[in-house]
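There are two complexes below, and they share subunit A, which is joined by subunit B in the first and by subunit C in the second.
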Partner chain A sequence: MSNDQIIRVVGLSHRLGRFELAIPELTMERGYVLGLLGRNGAGKSTTLGALVGLIKPAAGDITVLGLPVRSAAVEVRRRVGFVPEQAAFYDGLNATQTAAILAPFYPGWSDKLLQRYLTRFEIDAKQPIRSYSKGMRVKLALALALSHAPELLILDEPTAGLDPVVRQMVVGEIAGLVKDGRHSVIISSHITSDLAIADYIGILDAGRLILHDDQEQLRERWRKVSGATVHAPSDPTGLFLSYRRDGASFAGVTDHYSTEWRSQVEQAGLRLDVVAQLTLDEILAYATGQRNLSDDAREVA
Partner chain B sequence: MLLTLDHASGAPLYQQIVEQVRGAIIGGRLAAGDALPSIRQLAADLVISVITTKRAYQELESQGLIITLPGRGTFVAEIDAAAQYATTERALAGQLDDIVRQAQSLGLSGDDLVAMLRERWHATAREDAK
Partner chain C sequence: MLVVTLITLATALVLTAIEDQDLAIGYRFIITLVPAYFGLTLPAMSFRNENRGGTWRFLRALPASGSIVVSAKAGAALLVLGAGSVVALAGLMIANGGSTIQATRTLSLPVVFGLGLLGLNFGLCFRFGERHASLALLVILATLQITGMVQFALAPGGGIRDLITAVEQWFEWAQTPMGLLTCSCVAMVALAAGWILSIRIYDARDITHPM
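And now, the complex of A and B:
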């Protein structure tokens, strides 16, 4: 395990009215993609804003690219590619004019990179931004963020409201970026299918990081199962995150699936007939308690 | 090396990679010594996570199908036919387990299932003989 930590968050806490964000610890190694999931208002944007110093948390230490965000926020923003949920542009300007304003701020700026991304994203640099579609605006924001060759790219809901073709282009770009092992990406998204590229998944709920793991572990441990009750079962609910029994059949969801867990389930008098992986959407729903088998009669795992 | 992943199938992505690469090696489409893309290259090509790809390669390595030479890359290994046979047999046993469970959920007895298997065996053999 390398000590090359691209971000390190310790004891972060921040209050906005009734909302309170609290992240005791969050770290990430260079060369990977972290996907942040959560419902609206879960704290995703606040967390990302704190990473680039746009939000100054009441407490906590955040280090990004080895720099303390509290005292070096400007330097962090010069070196991080940040694409906010709603990128603000001067609508009367075109892409070239916008780039000319931004370029001096970034030590890593490259006009060659800009040209490459404008071409790849099919952006007409001469058109005023006011004529852009939503997809075009996102592509421009991404092109500008990538043009200063940032080691860390932070994207807040980049694919929301985009058509599937543009979404795949954005996701493909991220996958290509981390290929060299030197670049890292943090992306928040509602569209969980875009997070197949995420090596790590963090789930935020009501300001708490309720889950943070690598995606393979997550998919290994979270399973939905169904089967039959073989003999009068002892109460198996402790083995499941969510459980439902209907006559001689049962369905359940667990977040700690293993061969050991299987034998415990069998000892409890249940026979497993179907074991399936959950989608990220389902993991999100069960992890946040939005979904529960006991009040969901339609679900048959 | 061209792979196709089905994100909707419910089968783990790493497993889909393992099975397809394995099939290509055992089927002779990839020969001993052939170079495989790097983990990060394959992840970018398939637009999936690096960790998923890493897991697939680890699995292929533990099955003795590929070897990674530090600094040089990943290559198809000289495969041990007997060991591969044993692995294939284990995979078959796993599939049979699934069939047994399905039969149980239908309420079939062991004898019922064996009779059904025998019938399918002969039907398939007749079909193949045509």
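And now, the complex of A and C:
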């Protein structure tokens, strides 16, 4: 494992009732944002829980910040800032009292940092947490997670159910954190717009990591194309992830777009007229098989 | 805690006005039950609050090992049990007209009993969850009682009258220095066993298990 590799997952598997998580390999380098995308129940929370030792997987080796999670989960949690999907607090306490409970567990805890985040997130530290809105609770969880200056921040659906203003604030804060190149963030979400800040995207579906790539390359390779059939072609279906022919015109989606792929398509007797990038939402839908062009055509009809 | 304090103090005040000795024994018994009451109910109450409020997730997410989390919870329970015992002691002192020595002597065995119950119950709460722990505890206590009764009944010349006499004799012995020491050792073993069992269970489980 290189010094800059802060996450290394090998052969992770875990079963929860009928759900089975299986991730053969997942790595991440320091200074980047990894966005985990997937529908509800895809395995995002289980994966993140396993990274901080809150889920004990049946098999596999997980190393976080150079520490084996199986035997050093407490040390991992000490060095990682973790914001769970449902941040739980003692509702009768206020933010200051909660911070007083947490501070002794983190060697890098800074009250100054806490104050800075409480002010920035406009959190009234004297009010009991039971009076907080959902957005306030998420902001408090984030402020507490950031107050011990973690090298790695892991956020499980932090923006779910938040209003756009708070979401922007949370996402902006995360984006700012990795600018120095020393911090890293893993963020799971099913809201694809939140993952615009992610350098890498991992797509989970039914417990499988079906895609893990650089976001720029992902957008480069995943394209929606349309055009016309020039001559009677050999079956071009194999060149596309999803393909539909309608008389002399066709439409298709590929995850292999390149100049080489273009020439293969042209050799197959197709002329590309329009080539468009896919949104993350569309990539998720096509990658998980939730959408294909035949269905689109039926919907239009 | 407040309710128990009020009931204890009210019982103590009633005791000061009672002349009937048999009735007084009954009222005094209520006060001496306070430590055992806390030993029986504190772990389940504490676990129920964590599970209902979802705060067990907060504890789980802490960078803390099972020994720290369990010790903190057990420490808090012991503090409340201690406070309850002080209230009971005050109640007995009021009832006895201020005799600290007599009140301490009366309360020492119930406190030891409460400590043993607390340790046992704590381990059971971690093992079976707070809903089933009380049932498991009742089953254990009933089994012990039935085993003892059967042993007496089967013993040569045994019978229910002998059993009552034996129980009375046991209570007299338990209040002697040697008896109290023996009971304290048993309670400490129960506390230690409950503590160690709880830590092992906590460390072996993950966030998919509530407390």
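The rule we apply is simple: the second predicted complex is superposed on the first by the 294 of 301 C-alpha atoms of A that agree within 3 Å, B and C clash if a C-alpha of one lies under 4 Å from a C-alpha of the other, contacts with A are read in each partner's own complex, and residues count from 1 in each chain.
FYI, a residue touches a chain if its C-beta (ideal position, glycine included) is under 8 Å from a C-beta of that chain, and two chains touch if they have at least 3 such contacts.
Just so you know, these numbers come straight off a predicted model, no measurement behind them.
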Clash or fit (per the criteria above) of subunit B with subunit C on subunit A: fit
Partner chain(s) touched by A:Y286 [first = subunit B, second = subunit C, both, neither]: neither
In the superposition, subunit B vs subunit C on subunit A residues touched: B
Inter-centroid angle subunit B-subunit A-subunit C after superposition on A [Cα, multiple of 10°]: 160
Touched partner set for A:E216, first subunit B, second subunit C, both or neither: first
Partner chain in contact with A:S193 - subunit B first, subunit C second, else both or neither: first
Which superposed partner A:F89 touches (first subunit B, second subunit C, both, neither): second
Touching partner for A:F240 - first (subunit B), second (subunit C), both, neither: neither
Least C-alpha distance (whole Å) that remains between subunit C and subunit B when both complexes are overlaid: 29
Overlapping contact positions on subunit A, where the subunit C interface meets the subunit B interface: none
Sites on subunit A touched by subunit C in the complex: 16, 49, 52-56, 74-78, 82, 84, 86, 88-91, 102, 105-106
Of subunit A, residues touching subunit B in the complex: 31-33, 168, 171-172, 175-176, 178-181, 193, 196-200, 214-216, 219-220, 227-228, 271-273, 276-277
Partner subunit A, residues of subunit B touching it in the complex: 7, 10-14, 40-41, 43-44, 47-52, 55, 101-102, 104-105
Subunit A contact footprint on subunit C (complex, rising order): 53-58, 60-65, 205-208
